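Both complexes shown next keep subunit A, but they swap its partner, so subunit B is in the first and subunit C is in the second.
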Partner chain A sequence: MRYKLNPHLAYRKIGEFLYAVDSKTSMLHKFNETAEIIFECIEKGYDIDKIVKKIVSEYEIEENVVRTDVEEIIEEMLEKNIIEIEK
Partner chain B sequence: MSKLCVYLELVPKKIFISLNIDKNFFCNIIDDYLKKFFFDKSFDGQILYSCFFYKETEVCGACVDNEKIFIQGGVFCFSLGNQKFCFYCIENSFVFNSILRILTSIILCLNNGFLLHSAGIIKNGGCVLYSGKSGSGKSTLAKKVNNTEVLSDELCPVILINKNLYSWPSMFYSEVEPKFTKYGYKLIKIKEIKFLSEVDKGKEVFVKKKENFVDLLLTNIFWLSKNKFLVQTQMNVVEKVAKLFF
Partner chain C sequence: MDKISDELFWSTYKNRIPLYTIIELTYRCNLFCKHCYIPQYYRSKPELSTKKIFELIEEISSLGGLYLTFTGGEPFLRKDIFELINFAKQKKFYITVFTNGTLIDEDVVKKLKFFNVDRVEISIYGTKKVHNKFVGCNVFDKVVETIRLLKQENINVCLKTVITKENFKDYMFLKKLARNLGVVLKTDFVLSAKIDNDCSPFKLLLSDKDLENFIKKEKIKITAEYKNFNNFVCSAGMNIVSISPEGKVYPCIEFPYQLGNVFKENFTTIWQKNATQFVKKFFDIKKYKKCLSCNINMYCRRCPALCFIETSDIYGCSSVVKKVAKIYSLISM
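The block that comes next holds the complex of A and B.
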């Protein structure tokens, strides 16, 4: 399954953190490091497998741990309307 | 119903507004609430709004060209370059004030600025903005000083010019009406932006890290929702402002 960013989202890295505002609802989001990586991967069109692979290779964490985290964060991003499922 | 054409000259942009509203309604609003905030064209060109006057006109055509604002039939449209911004409204004083907030915010946004939910207090020739949500004590704070020293107790304009931040007396206030005969309409340098606690009314939040400053600033901005370009521009301005303080 592929995801895409909510097209109404404006975002910017300010200082150490990535912030996003949904221009439709004015909802403000702040991302932690992992969420930021996932956000950037989704922006590039990566699917979950590719996102997991990228994080595993960069941070040397076990794949099953990373996958659980990625799936949880993606689920949260979907709930908060930060991303959408690409049809 | 007579149509009014409002001309708002700004530095550096000029914007026309066509208001399809009743002349009496418009004049009453201006008289009751906003009159003193609009001033003569001949005033010092350093400031952002240099004039705001109106005349009756049958045909305006303001919605045709770019860099113009159009209000008709409850729709408020603004176009700039390829961007088109639309808002919906009805005719009453509350909505008219909201339109002015949006309009002011757009103008500020396009000039490296934003409206900040804050009480602005003059201090030592500059000003300090105490930013906070509704109920955080902005008006209470403003009431403690003479209203000749208050820029607003609700929404202050913030603009970045040559790595300095400025504000000026705001037309958007809540309980404390700013009287600014002493400072006229000059830009007033912002010396500090402080934040008021949402939990302890009137208490300042101690901000040490850039991260906290940005979080609080983003939380208290008057966001230009509905338009991604403007929201993105506002975020870019916040980044620049954060760099000034940290």
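The block that comes next holds the complex of A and C.
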């Protein structure tokens, strides 16, 4: 399954954190480091497998642990309308 | 303000990141609003080129800017307006456009939708008769049509007005109009002098009595952050910056203290060097001696820019702001 960013998001890395504002709801979101990586991967069009692979290769964490985290964060991003499922 | 917005505001304030940028694209305008801070003879002044604005947008993005407002004059008089919006959207800015709403037809609305403009703010001053007289043109019906067109396309639109002696009786009408159109109405009642220091817009200010009655009747409340003068905050040059059509950089759109010109230095240098010197020099709370000893300072929405315009002294006292503070203090008794 592929995802894409909500087209109504404006976003910027400001200081240490990535912030994104949704113009339809005026909701401002702040991302932690892992969420930021996932956000950037989705922006590049990566699917879950590719996102997991990237994080595993960069951070040397077990794949099943990464996958669980990535799936949880993606679920949260979908709930908050930060990302959408690409049709 | 929610927790994240508050945190972002303060982190950019403390670290001096230009979170909010206003670019005045042109001094040209097709209307003649009585309170406008731009003198009419400014309309023929040169403007930033498309390329120069692209460069600015790149720099502001690199510095951490997120909210970008295009204003004028009337920004839709610029033929490259959609090129600019498109470029800024590609750089992931939240784009607001301030407009008088007279040059937006169905085609323009489609383009605004296509480029995902985040917000459009439209000025409106009263009933058809009052609005048309105030702006010097017969455009009220067109403005209302524009609001409807924008709403139809689900574009985030809000109305804004300034209360003056010519339109304060129309405030209820404006509130109803906004409600009927399904949009928010933003209201202000502090006017600014023109940028050439001409104070004639102040003639439009309500009398003390009328302003007091208006604030009482409309139950307008003072916002909490101003209730303790020691916590006085001004974002000018801290996390706000404004750029004029001539490339002059100001700490905010109302503050005629030039930090630099983007044709002489790049924006990043102006922001990091000149603006830093400006805030160090000007924003020292201990220097506000008049304010610190003023018995109504807790009601004052102090604006260093208005003080500077009126008195040429950033630590001075703006009669306009003090007038409002006095009324708040009376009401609070």
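Keep in mind that, in the parts below, the second predicted complex is superposed on the first by the 87 of 87 C-alpha atoms of A that agree within 3 Å, B and C clash if a C-alpha of one lies under 4 Å from a C-alpha of the other, contacts with A are read in each partner's own complex, and residues count from 1 in each chain.
Please note the rule applied: a residue touches a chain if its C-beta (ideal position, glycine included) is under 8 Å from a C-beta of that chain, and two chains touch if they have at least 3 such contacts.
Note that the coordinates shown come from a computational prediction; the quantities given were computed from them, not determined experimentally.
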Overlaying on subunit A: subunit B and subunit C, fit or clash? clash
Tell me which partner A:M1 touches in the superposition: subunit B (first), subunit C (second), both or neither. neither
Name the contact category of A:I14: first (subunit B only), second (subunit C only), both, or neither. both
Partner chain(s) touched by A:S23 [first = subunit B, second = subunit C, both, neither]: both
Both subunit B and subunit C touch subunit A; at which residues? 7-12, 14-15, 19, 21, 23-24, 28, 30
Please output the residues of subunit C touching subunit A within their complex, sorted ascending. 2, 4-5, 7-8, 11-12, 15, 17, 19, 61, 64-67, 92-95, 116, 118-119, 156
Per the touch rule, the subunit B residues reaching subunit A in their complex are 210-211, 214-215, 218-219, 223, 225-228, 230-232, 234-236, 238-239, 242, 246
Under the stated contact criterion, what part of subunit A meets subunit C in this complex? 7-15, 19, 21, 23-24, 28-30
Quick one: in the complex, what on subunit A touches subunit B? 7-12, 14-17, 19, 21, 23-26, 28, 30
